[in-house]
Amino acid sequence: MSHNTFGHLFRVTTWGESHGRALGCVVDGCPPGLKLDEAYVQAFLDKRKPGTSRFVTQRKEPDQVKILSGVFEDDRTDGQVTTGTPISMMIENVDQRSKDYSEIRDRYRPGHADYAYDQKYGVRDYRGGGRSSARETAARVAAGAVARRVLGEDVLIRGAVVQIGPHAIDRDAWDWDETAKNPFWCPDAAAAARWEDFLDETRKAGSSAGAVIEVQASGVPAGWGAPVYGKLDAELAGAMMSINAAKGVEIGAGFAAAAFSGEQNADEMRMGNEGVRFLSNNNGGVAGGISTGQDVVVRIAIKPTSSILTATQSVTRTGEEVDVRTKGRHDPCVGIRGVPVAEAMLACVLADAKLRHRGQVG
Amino acid sequence: MSHNTFGHLFRVTTWGESHGRALGCVVDGCPPGLKLDEAYVQAFLDKRKPGTSRFVTQRKEPDQVKILSGVFEDDRTDGQVTTGTPISMMIENVDQRSKDYSEIRDRYRPGHADYAYDQKYGVRDYRGGGRSSARETAARVAAGAVARRVLGEDVLIRGAVVQIGPHAIDRDAWDWDETAKNPFWCPDAAAAARWEDFLDETRKAGSSAGAVIEVQASGVPAGWGAPVYGKLDAELAGAMMSINAAKGVEIGAGFAAAAFSGEQNADEMRMGNEGVRFLSNNNGGVAGGISTGQDVVVRIAIKPTSSILTATQSVTRTGEEVDVRTKGRHDPCVGIRGVPVAEAMLACVLADAKLRHRGQVG
Amino acid sequence: MSHNTFGHLFRVTTWGESHGRALGCVVDGCPPGLKLDEAYVQAFLDKRKPGTSRFVTQRKEPDQVKILSGVFEDDRTDGQVTTGTPISMMIENVDQRSKDYSEIRDRYRPGHADYAYDQKYGVRDYRGGGRSSARETAARVAAGAVARRVLGEDVLIRGAVVQIGPHAIDRDAWDWDETAKNPFWCPDAAAAARWEDFLDETRKAGSSAGAVIEVQASGVPAGWGAPVYGKLDAELAGAMMSINAAKGVEIGAGFAAAAFSGEQNADEMRMGNEGVRFLSNNNGGVAGGISTGQDVVVRIAIKPTSSILTATQSVTRTGEEVDVRTKGRHDPCVGIRGVPVAEAMLACVLADAKLRHRGQVG
Amino acid sequence: MSHNTFGHLFRVTTWGESHGRALGCVVDGCPPGLKLDEAYVQAFLDKRKPGTSRFVTQRKEPDQVKILSGVFEDDRTDGQVTTGTPISMMIENVDQRSKDYSEIRDRYRPGHADYAYDQKYGVRDYRGGGRSSARETAARVAAGAVARRVLGEDVLIRGAVVQIGPHAIDRDAWDWDETAKNPFWCPDAAAAARWEDFLDETRKAGSSAGAVIEVQASGVPAGWGAPVYGKLDAELAGAMMSINAAKGVEIGAGFAAAAFSGEQNADEMRMGNEGVRFLSNNNGGVAGGISTGQDVVVRIAIKPTSSILTATQSVTRTGEEVDVRTKGRHDPCVGIRGVPVAEAMLACVLADAKLRHRGQVG
């Protein structure tokens, strides 16, 4: 990971600002011969796009992806396939409202990257947060679609929101089918109902809410990952923490494991019909930085949206004290639209691990 | 981060197995002219070395470091200084007991990396866990000493254990001076007393305990870090998750932020005597992946030591079901000796960020 | 350098195929606050664009660049400036003649990458050479324009063709002003006249010619470069050899130095008005991988264009022997249009070295 | 390549100064299960070690390698094998004569890295050239031995000196067996006899001579390499130019290709018994940055040893003009001992390309 690129053999470079002409990514290192067209990528972008419910930003962005390079179709290939050359994808920004940005131009929004960017760069595209905007994650989702092709049908990647504000789901009620039935990717119908009320109140109060996302990958074989600094869980932690508003990452039992005894935490093993069978998954599918063949399980803490209507105390570029209220079309809970983003990051890290594994074991 | 190297400009490569001849690291990219000798590095290694109390492993390792390259002393320099060339450091393994390893040779210890390594590599140095042993972290501590020289006197890095098993400290009782007065790096004297009893019981029961470590850096100026995939917090998350037994990382308020409202979470700003003053530090010193000038605050969840005396169910290499009891000299709570390691990783990530910052802003 | 990215802190990723929708690059790591707009970049692209004389390809490509991200203009900045975020630039392909590609689709053109690509990837965009086409170098030229901004006014980068076919220039006749007066970037007017005749004959014969390019950088201070594997000359060699059709790279005296005696080769030093003065520059401005303050001098051997009208023996994808004659609009001597490309690579390597130097010396 | 590390998946980090305690390397990314012991590595070091004839330095260094990590032997493995973890190798410096270094301490030896290092770092271990000494290449040779194991029996790597001073071999007289019969790795017996006289004169004159090395790899399959910036020839050029005293690199016909016509240069193809057969190898086994299955052929220009007895003009650190005569035990022609080094670099680049290829094509 460095600057705007992540991955080692499967490398993703993203570019673009919230209110610039366009944003996009270049995916380098994708093997040749994989089916890939715009419709396939678009389906993932549609899961993340704004305006799908009252609980996400009302910005109107079709987020239509164009594939500019790296795929080719001729009569010898089965539709459009990757060629092994860099895949450049672009999404044009459409709804860049010609509004007055003077307020956020010179005022630092608390919790935002405004102040830190100014301290580092001295100049920034402040419109909508510029490069620090979560709009950048659209490019990650496009890259994640390519990563899923690299992983193939055997690896299933899914995500859910497991907590909004102080309200966690009941894990015993987990039903993956539920995630498609409510606007929160919530696997627990009862929790989804509670969240609806809670977020309506939050919005009315001009406030925002945090969330916890959980993503899982099934079908990952044992052996992926590269100890000791390229550990699979280290790569996952870095990738997830790079998502806007992420403040924590845990694998498997995570922070709860700190309170366990050694016996409680041990993922005991027995022989099953298809080899080793684990009796629990506190390790979250990774031991010693290498996948164990169990489900890879990652949770990400997402802080409340920093852009809120309620006034908060801040300062200006020139050092005057001001109150800031952020009007505009913001997600009351960015964790919701974070689900397809976290899924994409999981896909990218695993695709990279899969390709690297081949080079590691000779 | 890739394989056994981490960092970008300040790059650390570690090598060595638990029971091999030696272990060590090569630190590349350290600027010239910094004072560095073995005594300076040794002081940090002594904080991590085994056998300092009954709550850590009784393995007898002096962990004496040798600096093999990258420093030079002549009468023009003020003692021994770095030269800008790679600093190679080595620690010889002394206490490699000639014991019978046949048990762990063919049995997978639950929770350990044994099974995953075998699935990946097909061959491994199983003695004491080989490369997956926490002995590797001695090399990190040596590298961290160099990193502190890069950071200089202005940046203060400190660490503490804030939870052992289910017993967390009272943060209101935090006193940094306390950390040197008990064998747990505990900043809360009352908690330290409770932990002593708890860990004695844990040891007697042949069990082990998890922990939460907190490391902080003061004096980091605003502006370090490289959005969006080299975010300072993303680098920290990756670095910390690469520590043995780490299962979770959080920055600032971390997972607690998920339950906050937007107002609670906002780190409001006022003008102070020395520029901007923040009224809280939920962001943990990083916003948008860039340091804000506040203290950098990171917590790491450490799972209980997997090596326990209590029998757990497992399998052999050849697929037979067995019970495993791990005798030997193990840390009942690896989180304790993890403090200097986490401090070292924090130092390394910050040193790298400091050097990169210079190249980023021209 | 890896896959489609080069550089360490100043990183350039290019994408695009000869006859795809577009091609472009993402420049990451450019410091903020540098003036940059499309007109500035376009001027460099115009030096490389097709159709400027009868000695280069007649393909009609305006090669109009669009800057999609990474720059910003508001009333606090002096025109459009870089922001420190990734600079994405795109050039749309215009003259993709809808011709019949069936001939090169299944026949390997000798000397081309066709066979090697097919052996590696099994699928490729064969239209115009796809990714292996020298059209990719347009993106390098755009990146090089940014690199020049990083280097600033103090560093002057210039290039020339010093040999076409067997005809070398007379170095004593070198006049930089001449390079703008002939279609060959030739610094020797007499040689340019000879080349005109030679290349007219070459074209009429349906053949092509090789060339040697020389690029120089003045004003590089002593100290840039990173021994021992990131040596400035090693980086230059890798960068230059990555240019299409390059088969050799030399620094300073290069291969001629092999025939020198130690005394002849020594770049002796005296004191001048502004510090050390070298009496010769056989080292080409680099010693031990670090710049010496002298002019950096690099030469690149460019093989003759592989696409020629004269029939050459080849085979098809399916293993039939065929003769191949490449019709179309090809450069009789690709070395000519290679000059702005080699200049761009020199600029990029030096910009990267400049930024890294800051992080290396603390 | 960055600083003191080269390679992507097969990564080599070297460390150590000429007159420090030791030097060595860490080889990371070597696949598991390959036979490797000290005797195997030592055989390659013995080819490079000083004192083997009067035409190389008389420094007495046994260059005995120790493998400190990354290999393991138990009764399940066939002797000592790699484990996939980092292979640390160390060579202790023995013949560090306690001589007076005051002369080179403050005087810049022309052609050497002395001045450039001082300009960059301000401090350096000047004893014997410190880090810039060719002693560093011993570590490369050790790494190259590991690389050969990765390549296996199918790839044959060989090297020769093809020119010393102005005297080139007769390529038609090339006989690989001859290279073992003279102290120059010369494949042409007649040339070797001439070189003997020439170098005796050179030594007596207190001078030194340059050379051209050629290394070849047979058995490389088509398809290795990663366009466009990780081209196999670009990687080779960077690797070879990083060798001490290298000033030029060419692949296949190299600079000679600049004088060829398109027809002369085309490597025509016919069908042979085992697939495609090339009628020439001007491309040197690489097209479009990807191996073609032909022999990979690389030549490196080595400048004359800068350390000569004859006085040359120079300056001191404090700006006084002086004459410098370098006494001591220097190679009259460093190109000779450069052969095993160039072979090692070729092996390392190919091993890396082999491993990467697996991850590139899925």
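We just call them A, B, C and D in the order they show up, numbering each chain from 1.
Definition applied: a contact is a pair of C-beta atoms (placed from the backbone, for glycine too) under 8 Å apart; a residue touches a chain by one contact, two chains touch by 3 or more.
Source: prediction; values computed, not measured.
The chain with its CA mean position farthest from that of chain C is B.
Mean C-alpha position of chain A lies 27 Å from that of chain B.
With centres set at the average Cα position, the gap from chain A to chain C is 38 Å. Distance between chain A and chain D, defined via averaged C-alpha coordinates, is recorded as 45 Å.
Of all residues in chain C, those that touch two or more other chains are 2-5, 8, 14, 29, 32-33, 84-85, 120-122, 131, 227, 360-361. Contact topology of the protein chains: fully connected, every pair of chains touching.
Contact residues of chain B toward chain C in the complex are 8-9, 29, 31-34, 84-85, 150, 227, 355-356, 358-362. Residue ranges of chain A in contact with chain C, taken from their complex: 2-5, 11, 13-17, 20-24, 26, 28-29, 32-33, 66, 68-70, 72, 74, 76-77, 81, 83-88, 90, 105, 120-125, 130-131.
Across the complex, chain A is touched by residues 1-6, 8, 14, 108, 110-113, 115-117, 119-122, 131-132, 136, 163, 165-166, 202, 205, 207-212, 221-231, 233-242, 246-271, 275-276, 279, 282-284, 286-293, 301-306, 308, 310, 312-315, 319-321, 335, 357, 360-361 of chain B.
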